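Chain naming follows the written order as A, B and C, and within any one chain the residues start at number 1.
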Amino acid sequence: MPSPLPFVANLRLVDHHCHGVAGRDLDRSAFESLLTEAKGPGPLGGTLFDSQLGFAVRRWCAPVLDLPPHAPADDYLARRADLGFAEVNRRFLREAGLAALCVDTGYPMDTLLTPGELGALAGATAHEIVRLEQVAEEVAESGTSAEGFAGAFRERLAGRAASAVGLKSVAAYRVGLDLPADRPGDAEVTAAAGRWLAAIEAGAPVRLADPTLQAFLVWCGVDLRRPIQFHVGYGDADLDLHRCDPLLLTGLLRAIEPTGTPIMLLHNYPFHRHAGYLAQVFPNVFVDVGLATHGVGHRAPALIAELLELAPFGKFLFSSDAYGLPELFHLGSLLFRRGLSELLRSGLDEGVWTEKDAERIARLAGGENARRVYGLEERH
Amino acid sequence: MPSPLPFVANLRLVDHHCHGVAGRDLDRSAFESLLTEAKGPGPLGGTLFDSQLGFAVRRWCAPVLDLPPHAPADDYLARRADLGFAEVNRRFLREAGLAALCVDTGYPMDTLLTPGELGALAGATAHEIVRLEQVAEEVAESGTSAEGFAGAFRERLAGRAASAVGLKSVAAYRVGLDLPADRPGDAEVTAAAGRWLAAIEAGAPVRLADPTLQAFLVWCGVDLRRPIQFHVGYGDADLDLHRCDPLLLTGLLRAIEPTGTPIMLLHNYPFHRHAGYLAQVFPNVFVDVGLATHGVGHRAPALIAELLELAPFGKFLFSSDAYGLPELFHLGSLLFRRGLSELLRSGLDEGVWTEKDAERIARLAGGENARRVYGLEERH
Amino acid sequence: MPSPLPFVANLRLVDHHCHGVAGRDLDRSAFESLLTEAKGPGPLGGTLFDSQLGFAVRRWCAPVLDLPPHAPADDYLARRADLGFAEVNRRFLREAGLAALCVDTGYPMDTLLTPGELGALAGATAHEIVRLEQVAEEVAESGTSAEGFAGAFRERLAGRAASAVGLKSVAAYRVGLDLPADRPGDAEVTAAAGRWLAAIEAGAPVRLADPTLQAFLVWCGVDLRRPIQFHVGYGDADLDLHRCDPLLLTGLLRAIEPTGTPIMLLHNYPFHRHAGYLAQVFPNVFVDVGLATHGVGHRAPALIAELLELAPFGKFLFSSDAYGLPELFHLGSLLFRRGLSELLRSGLDEGVWTEKDAERIARLAGGENARRVYGLEERH
């Protein structure tokens, strides 16, 4: 993985799925816990700096903070504290080289930057992605009835969607991806809403985890013709990864296909080859390897090459899935550029495509696919 | 992936699983739809020429039609039309360098070439593979009873098998691979046949999709001691890929093992490592990565290397799984040769095996394994 | 995969999971059957020397027996017979370069060397790993009651564990890894023990295969705060590999996490990326690719790189999983060193880590992680 190809290095990327970063300073424990999908390091397992991602931080983020590459973790964290979060955020967002960001606003943390603030730091256009479950939970909290839930949700979603470019389902985290293949009927939705609202009434936390309702949410999104992102594959320890294989969505994808609504499969690791297959056989399915791109450090090129075995180049997008740490915008961008370059260079070396072809593939993956699917140009 | 090793380039291959190619001219839409496992390109996803397989066509097929490598898709299709299907078929079949082909005749398309016609174009011996479900559906259509089905099927299969070298199950497409581990009893078969025939009587299409009956078909094949091919892994969007993991066959393979009947696991992507494990632990299981070999373009070497991590070299075969487009014979052959060469070359570079060993492995995979398992020599 | 990095070549490794080797001479059939996870070669599949592992034996083991690299299999076996098992065992154990071994004593074969004998040959400290199921089966054989089983097992396990450094579950082989997530209650355990003892009474072999009881065994191990090894992923044909995905353990791992008891996921192939994810998100989960490291021959570096995409370097251990053949100690060690070196070298070449970092990673994986988790230093 040598340096990126010049025409990849120069691309201003569209990051079609990311989150806010922390608007406050972070101590070592808070920093390490945002570096991993675990709650934090354990007493026997050592520091999270001893991982592919940890080494990527020391190697590629240290210079952005004016440190030499490979600066020790303590030096890195000290320098980070000296500069302060505002300057650190500014540097990494700018370094990412973004043209636009689509920000999932549905997983709040205190002091998380807003899409507008992120965009300003990045010098990029900011768009919002609305999380379906969050809207449903707002509806439940606002005091609806079982019968009224469906209508109230549709109305509130239409309102939220009006200023958003896409929607997102976190069914993976709540019930897994084995959602009903067919659109749930009204009576089913009402019954499921009734059970959920009764549980809340009885003191349960307002957290949607019901396959019928989550499928209903997705279909409401389909009706709005907005691209729908799905969390797929790995995430933190709350998730049952064997329920997050994108192939479990096959029935639902088959049912949605005739509508033409774009379905965006996010992350996908370690099932990214499965996702690539779905992107090939369903004309409306698109894929990325966000989160994993920075999560696996210098192994990112392997994932991109595997995903693109079957996924057509017109179906592949860039996302950072950055959350909390602005470093992840920089690393996501850098490792995507290096990974894509490695694939393109291998094809050039073997004469599989021309330089002109390679440039076109890079433009598609780096932004044109996202612009086309989300209709970004039309909005700005 | 530089050019193939000379002793691999010179092999005349046995293609142990392929289909006919179109005996008519194809417009762009028909051509693209045969390039992918999807029904065709979608409005948002771009052309299928922008995929690993699409670039492989432009790179390696264009010169066979006297065009420069990387000729644009439109030029390619225009030249193809100029030459006409007969000449195009002739060129690509000849280019594939085949000694023999085993043709699955069970998935008819209008104007598909027969095994004999394919063999004549390729300068290769042609053999037939009989699809079990097709024979069962012929029996159902010919008007049998629930009680008579088993006997009628056995008789018809024996007739068809007499001139064939192997059989094939497409249970993957119909019910998935989680077939009953044990041979279904007579009463079970009769009951299942009764349900199926009644459904046909009531107007259902004559399409077998019943785990009991499909397991019964396989056991009839076992009784005939003919190698039985299974579609495994990816295919088109009609298939539930998570039901097509070859590991789901484990119980059935364990039951068949004592009979010694060869079981041929086809394609296997993205579960090819799983298939390699089965090829190691079951003495009668054989594997390939056909379909995927051309489907992933210049990534083919990765698949072959992964399959052969556990699969012994005496258990690995070549197949193109070409269907419809003669290009796929050429690409399957070329990418198999390059992929196998890359693995062999890496072993030579690291001193893992000698050149003599590498030549022997190439001969096994390129044809000797197929000849031994299907008994091809004895028939010609 | 060129030669190992000097600082990896010089490491004395801790092999945290292995078995005894045969204390007798082996004919070709016995030798080949120990080279594979199958019962042995089949009539159609050729010799097992024609596999990645077979070539690794000829390439890297022949010189240890004073033969040239690539010596033919017959020469190899003849030389092996000439030297006699004692000398062959001595040479390969010494060649492995081990500092310590943790020997699973629960899968006996006649004439298998004891931990002490292995340690003496290897010049290494020997430790014992106690197999939970073996202890339970001893309790069942000794004549307990349903009510008495739990207490008798706890007592016997505490006795066996006193001189051992860890425990092991082979639930994968018996019922798969989809064990109950929560600790079984006393009544459940008594009822399950009653069913098992009644079956034995009625003539069934004394072989534990019950999810409730096997989960109970694991929890008894947790109570003893000893690291618990799980067989995960591939093994011989007795195992249903699709039930051996480590992700099936997610619920149980989540329940065990608060106790901090180390869980050691062994082998993991072909699910090693899944295991790497678990090692990242659960602070008490550790992983290796033993068995596969030698099983895939010169492809070992690919597995190690894939495992370490997500697994932190403080969670990765070396094991050979050698069984029966002393060659497997040598090959496991050699291919681990080469695989780890290839990953470290790729990081060095790309500037991802410094040489000092790489040396530290090597020390962690080669022994420090094992010493810390099993508390080996404290015992010697």
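Heads up, the rule we're going with is that a contact is a pair of C-beta atoms (placed from the backbone, for glycine too) under 8 Å apart; a residue touches a chain by one contact, two chains touch by 3 or more.
Please read these numbers as outputs of a predicted model, since none were measured by experiment.
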Problem set entry | Type of subunit A:subunit B copy interface by residue overlap (half), same or different | different
Seminar exercise, completed: Mapping subunit A onto subunit C via their CA atoms needs a rotation, nearest 5 degrees, of 120
Problem set entry | Geometric centre distance via CA averages, subunit B-subunit A, whole Å | 37
Exercise. What are the residue numbers in subunit A that touch two or more other chains?
Worked result: none
Exercise. Residues of subunit C touching subunit B in their complex?
Worked result: 1-2, 36-48, 50-52, 54-56, 58-59, 69-70, 234, 236-237, 240-242, 269-270, 292, 295-299, 302-303
Problem set entry | In the complex, subunit B residues that touch subunit C | 245, 247-248, 250-251, 254, 257, 260, 262, 273-274, 277, 279-284, 286, 305-306, 308-315, 346-347, 350-354, 357, 360-361, 364, 369, 372-373
